[in-house]
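Presented sequentially are two complexes of chain A, the first with chain B as partner and the second with chain C.
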Partner chain A sequence: MENVIELQNVNKSFKGFQLKDFSMTVKKGFVTGFIGGNGVGKSTTIKLIMNLLQPDSGTISIFGLNYKQHEKKIKQRIGFVFDDNIFYEHLTLTEMKRIIKRAYSNWDDNLFRYYVEQFELPLNKKIKTFSKGMMMKASLTIALSHHAELIVMDEPTSGLDPVFRREFLDVLHRLMENEDKTIFFSTHVTTDLDSIADYIIFIDKGQHVFTKESTQIEEEYAIVKGEKELLDADTKKEFISIRKSNHGFEALTANKNRIEEVFGQMVLIEKPSIEDIMFYTKKGAEWHV
Partner chain B sequence: MQIIISNNSKEPIYEQIYAQIKTHILKGELQVGQPLPSMRQLAKDLDISVITTKRAYEELEKNGFIYSIVGKGSFVSEQNNEMIKERKMQVIEEQLTAAIQNSKEIGVSRTELIELLTMLYREEE
Partner chain C sequence: MFNLIWKDLVLQKKGVMILLPALFGYIVFNPSYIWIGIVFSIVIIQDVFAKDEHSSINKLLNSLPYTRQEIVTSKYIGAIIFTLLVALTMIIGGMLIHKEIPTWKEIMLMVSLSMLAVSFIFPFSYKFKSQYILKAFLVLFVVYMIVITIFIHNLNDILREFVQTILTLEDPSVFLVMILSIMVLYIFSWLLSIRIYRNKVF
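Then we have the complex of A and B:
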């Protein structure tokens, strides 16, 4: 499968923060969710992907091209959604569009109108009067109006109400009917990922923790609940990390079948959410240091 | 084609889809040669990821329920009776082997086992 985004051994240091030997790939035709806590390097990585920052070392290629020689070509093919307002606040959406459309050779006014109507956006109100949700819709409209092959979004659903979150995911689902589109977005609203992400990349403290297919996560991981007496030195090894209380334990495993063999009916096995996986994996990593 | 997915089930979503499409085919609700919705269309309709439907279709194809033509989509295969029979025979062989092993463990002779089988077979008739 073709990689649309490829980072190899990327390093980037700031005061007090470092992206360490970071490698990842994003596959064409799929949705990849990028998860991790606050301040672990998600936005830095996205800025590197967008060439808003340059790596200290390592290589970054987008559509198989590098930014040094092909910046314009690459940017034409990406639609970018920021979590902050990137528009001139004193302009209206129509005025903003006139400025932006000149930058894109594939700009499509019909497509722009289609999304404006769908999102019920006002064309002649100043952008500074927009709510957070409207701003997001406007940003998405601009990103989708030039037939971008790759949509990159930084925390697109943070601060959105549940109704619009659904609408937003719907737009993405519709976009993915076209197998030439690729979506990459960071989030910490992990329920967004359950329904749409094909691949999940987990980053923590500037380091790549894992990249997995969402089906693989469903098959391998499980939350296990049971009585504390079941835990001993051997059985503990089956888990990534364990939370104990006075009433029993709850733990995450990356080997569901094995747990079923070992514990059978003695434990309760449940499907984990991505949030569970993030929480327990982070805990587990802390234990093993 | 009706497909109902539970997000709270322990069973992975791709397995739920696999099982339901398989049932539709075996019951004859989906006819031979009938096209299935594209993986991307189905993912959109069910609000799930493309890789989930892809996985379900791959399993269906692997087990001979559907076939895919590049650029055209996926279709219901002819359910080959010979193939189904062969698969069943394989299962029977495995089960009988297990029965023989169990018999040996507790010293049941071949004659006794055949007698038991004959008796059970008649009861089912």
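Then we have the complex of A and C:
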């Protein structure tokens, strides 16, 4: 399967933050969700992918091309959405479009009009009067109007109300149904991912934790609940991390079948949310240190 | 890259439409083309620069299919275009109002000195922020005033005479040398700005 984004052993350090030996791939034709807490390196990674930052070491290739030689070629094929306003605030959406349109050889005015109508965006109002939701719709409209093959989004749903978030995910759904696009987006709202992501990449403290298929996560991971008496030095090893309370324990495992073998009917096995996985994995990392 | 220059012209349309008539008005009272031309050019060029300075706008421009080199180069070419626009306005203004156009030497000196100023302002603005330019100007002004009051009382006259001498020079080779050296400086400044901008983090 073809990789659209490939990061290999990327290192990037700033004051007080470091991306360490980071490798990941994003497959063509799928939606990949990029999850992690605040300040763990999601935005830095996205900036590296967009060539807004250059790595200290390691290689980055997009569509199999590197930025050194093919910067413009690569960017022609990417649509981007950031979580803050990156447009000139004193312009209207029409004026902004006129400026951006010239940068792309594949710009499609019909497509632009289609999304403007669908999102009910005002064309002649200044962008500074736009709400957060409208801003996001405007960014997405621009990102989708030049037939980009890869859509990169940094926290597109943060600060959006639930209704609009659903609407936004619907648009992505439809996009994936009709066209052969690749979508890569970061989020810390993990419920976004349940419905749409084919793959999930988890980053914590500047390090790649895992890349897994959503279905694979369902098969392997489980939340296990049971009596505290069941836990001893041996059984504890079966879990990524454990939370104990007066009533018993709750823990995350990455090997559901094994737990069924070991504990049988003595424990309750539930499907974990991505949030559970993030929470316990993070806790586990601290625990094992 | 020409799209970037076009973008600056579009963004600056309103500003230019206010400033150029103001320049017209100024010419009515005071036809000292050189200084006023420099002031207007630099105000416009700085305004263009400041509009793109937000890190969010840098994020946009750098995510679009442009290279960092193109982004910087467009500003340097744009600066010349805006200066020529000011020169053109002065020529038209002079023609309409005083029935005589500024001499080619005045225009040449105005354009050259503007480029000279830009050669220092741009790398400074890329390195720090353009808002510090104003502070730097104030400091320079204070230094200038101190020099005038304490050391060289007639510095103003010397400068004025110097400009007059240049304007009355008959030998075109002096102009040629001046223009060439400013061009070299401008190119050097451009390369320096590219170097600074290449390593910027947004």
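Simple rule for what comes next: the second predicted complex is superposed on the first by the 287 of 289 C-alpha atoms of A that agree within 3 Å, B and C clash if a C-alpha of one lies under 4 Å from a C-alpha of the other, contacts with A are read in each partner's own complex, and residues count from 1 in each chain.
What we mean here is this: a contact is a pair of C-beta atoms (placed from the backbone, for glycine too) under 8 Å apart; a residue touches a chain by one contact, two chains touch by 3 or more.
None of the values given here were measured: they were computed from a predicted structure.
Judged by the touch definition given at the top, the superposed model places A:A197 against chain B, while chain C stays out of reach. In the superposition on chain A, A:L111 contacts neither chain B nor chain C. In the superposition on chain A, A:L231 makes contact with neither chain B nor chain C. In the superposition on chain A, A:L121 makes contact with neither chain B nor chain C.
Residue contacts after overlaying the shared chain place A:L169 against chain B, while chain C stays out of touching range. When the two structures are aligned on the shared chain, A:I99 is found in touch with chain C, with no touch to chain B. In the superposed pair of complexes, A:I86 makes contact with chain C only, with no contact to chain B.
No residue of chain A lies at the contact with chain B in one complex and also at the contact with chain C in the other.
Taken in their complex, chain A has these residues touching chain B: 29-31, 169-170, 173-174, 176-179, 194-199, 213-215, 218-219, 222, 269-271. Across the complex, chain C is touched by residues 47, 50-53, 71-73, 75-76, 78, 80, 82, 84-88, 91, 95, 98-100, 102-104 of chain A.
Of all the residues in chain B, the ones that touch chain A in their complex are 7-10, 12-14, 38, 40-41, 43-44, 47-52, 55. Those residues of chain C whose C-beta lies close enough to touch chain A in the complex are 3, 6-7, 10-11, 51, 56-57, 59-60, 62-67, 201-202.
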